[in-house]
């Protein structure tokens, strides 16, 4: 199934009358047909958000010229704008450590055609999952991390990611803190899966914390990585019921089902350009 | 809190380029500011759906003339259109039998200001809930129903509803089948709560059926009433987990929590004009 | 429906072989028939927990002598023990402020026969809900609280509760911090409903905190009140999905449905003696 | 991690006083320590159910003699009894067709040590998933099925399963109806995953049926296979929310996450001997 030939525009700007009319006028005047339009107004911030996807089938502009032609409109309304094309599949790097559930889940979706991305490489700080990567024919790069080599290894990772033209980094249970250089190189393009319902139980061993507190529900949170650990914009969360019967080990085991599905869903929205970040929160146009 | 002065337009029509641009042009040209716009395209039916809510604060047309002024647009695009004003609160009649959970839930929401409607009357086929109605100061009308008097009683009910200018009828666990005359008098304006996850367990005693089948989840479904019993367009559904420990009586008791919240949510969407019916299904603009 | 004539025993003690055999031997030897038996072992603490409910129909001991006759068994196994009788309905006091959703929900359940307790009184720090109490015929006591009179008013409340032989206090959205004297008077018998998924968003205005953090799920938590604010043993929690579309006011409104059902469920388990507190956590025998 | 050395007893029989006492007496008298005991009484059927797991560490009977030694007890109480040992891992055969999500999910769990079984073989009616099986080193047997050869092929499958000493058959999206010979060979040991909330949408293409009906929730059901298609005892069910935005293809894609987790959970309970079948329903001792 070839990717449908569509363009997606993500916008936010100060709210004022006529915004939808103006943007749809641009599309209509070049014979685009809107497939999906969602807008949201934050009255507290007086800010307008919109996601607009349209068919390029009869569109009279070339892909290359669309952005430039949108500029007058953007300037007029002080718009922040992102433009994406479905035909340009995102290139996604998976970062892993030892746990296999997220990586297998993503690779199985990819093989089934349910994840419209390219996965040019897997990066790991342990050798454990090399066989998993090789089974699916994805190049596996081992970057062992120590306190001493961490900075150099991350620099080498960034070089490799750039060389492979990676757009999006997915921390699929990668047990290392990402340093600022990497975050700056991929702003709001690094997705993490945290194994708790954030902001409850930040930091290490959240299932141990949850067990100690005696909660009746555990959760998982996928968020963009920012400089503040576990404080980035939340993309998706889900939970499940647990009980006094469940040991910490049970929580760890049960939680894996949450982690893999929450991460996969967040990535789905991300690669389809359904997520807009604003003031450390996300607008997810489902 | 006075109802905000807004207008809401619900539209469906054949899909074609320029629809959003055209409708938003109408709003913009009369100085309306869009508060919420949601559209949906059903590619299988090639049909366009939209809900548009805009502020009337600076709008240059009077409420009375908006509909007429929209006609050329509607004709041009073969649009089915409904126009509502937030300031004209819907008038809702509650139909009940003996069970109190839905009626108390709705009356408590109403008293708390969480249900923006008028409730001019409660109709019942038993006297049981008269004290409940009187406690909240709502006129209670008892229409005992027998096989012989059913047609006449329903005719009298319709007269009463018309006299009270009722828009919406809510069957809040009303244990009588509604006849065609009533359904025709209130097309897609009668909401029912069925105590199962439809289409599983239609008809009477769904909890008994669920228990006999040994399901691990029970549900409730709110739908518009149509001529086919339990077959009307579904507005909202929710479920809860049960187990072999739960007797039929437990399911009945537990299910009440589903019934009241599912019905209240469906009614919330209905009275805010967020629901559009199309080919026996609903588009719910959440 | 009269309460079934059953006894319930809640036990915890160091784990060792033969505990179930020993306790069931006591029941069997006096011709009791077990209706429900649940046990739980915490291997980390090497502790045994059990809830045992049996029919008193043919039981050969009088209610009054059971506890004494269990003592040798309890001593032998160093058991902590609580004994309850279904026929002795708990007497529950509701504490409220201004919000009506929890109180109406509990009173409607009570009227429907779904809450097997007596509710001898409602205590409030505002007059707002007096009509609600009076509609259901429950005595309403207004104790206005100021910084100056708080200690005296709470002492008067305790006197009233003792006079009315209250077992259980339910803070049904009571917007006052309970002081240590009250907590000591009703150890693990005061239930609170906190309007967040604890331990996220402790303290005041949790929906504001949730909105600011941009969470995708909100929750409610019912717990026993202890000296540490919002840190008591959690009995029940539930959550619902929200989105960027929801304002703080939407979260407040939506959250009410969680609050009332979570509190009602926790109270249901409490009054049926299904909850055992241990090391600031609960064992809930569902 | 070696399987803990425990025995599990599943019992049902007519309810009468002293059952728990009698069975625990047997365990205690041979120095077994109970790890988990759950019982359930169905008052409508006057039937007693119990699952009892105990440590064999100091148990004074050999595994081989336990069953015989339990016989007098079983006869006395007319018990149906099943005895399992954690150290004897179940041997599970996976049946697949073309869809990869359930098989990858189960194989990844198995590799992670989260599924305590042996998987000696995969049987398929298409070649599609041979590479998936081979990647995980599981022998893959292709049995193409036509109307003409179906009976012979199933007979060959049964021979193979017997030769491989298979206990449990998992239909992991196997798109063939199982015939009576297979069902008789593995009574209540064949698990299926049906892609709907049964009993809604039995038979083929349930997502198409769900879409046509306009439901707001889709589900998946894992059940034991019996002679009546989609009518076997339900082990586990789960659901997710969908909307008018979701096409049939979206439902198919989204539903896969339900299917794989529901099947995995049902299998988890099955292989740990937590499921007891009774009158076409299951008692699941969670």
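Order as written gives the chain letters A, B, C and D; numbering starts at 1 within each chain.
Note that a residue touches a chain if its C-beta (ideal position, glycine included) is under 8 Å from a C-beta of that chain, and two chains touch if they have at least 3 such contacts.
Model, not experiment: these values are computed from the prediction.
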Checklist entry - Given a C-alpha superposition of chain A onto chain C, how large is the rotation in degrees, taken in steps of 5? => result 180
Item to check | Intercentroid distance (Cα basis), chain C paired with chain A, Å | outcome: 42
Checklist entry - With chain centres defined as C-alpha means, what is the inter-centre distance between chain A and chain B in Å? => result 37
Checklist entry - Got the chain D residues that touch at least 2 other chains? => result 245, 286
Next on the checklist: Can you tell me, using the touch rule above, whether these chains form a line, ring, star, complete graph or other shape?
Outcome noted: complete
Item to check | Touch list for chain B against partner chain D, complex | outcome: 40, 42-44, 197-201, 213-217, 219, 233-239, 243-245, 247, 280-284, 286
Checklist outcome for this item: Note: in the complex, chain C contacts chain B through residues 99-101, 104-105, 107-109, 111-112, 114, 135-136, 245, 253, 256-257, 261, 264, 286
Checklist entry - Across the complex, what residues on chain D touch chain C? => result 15-21, 24-25, 27-28, 31-39, 41, 241
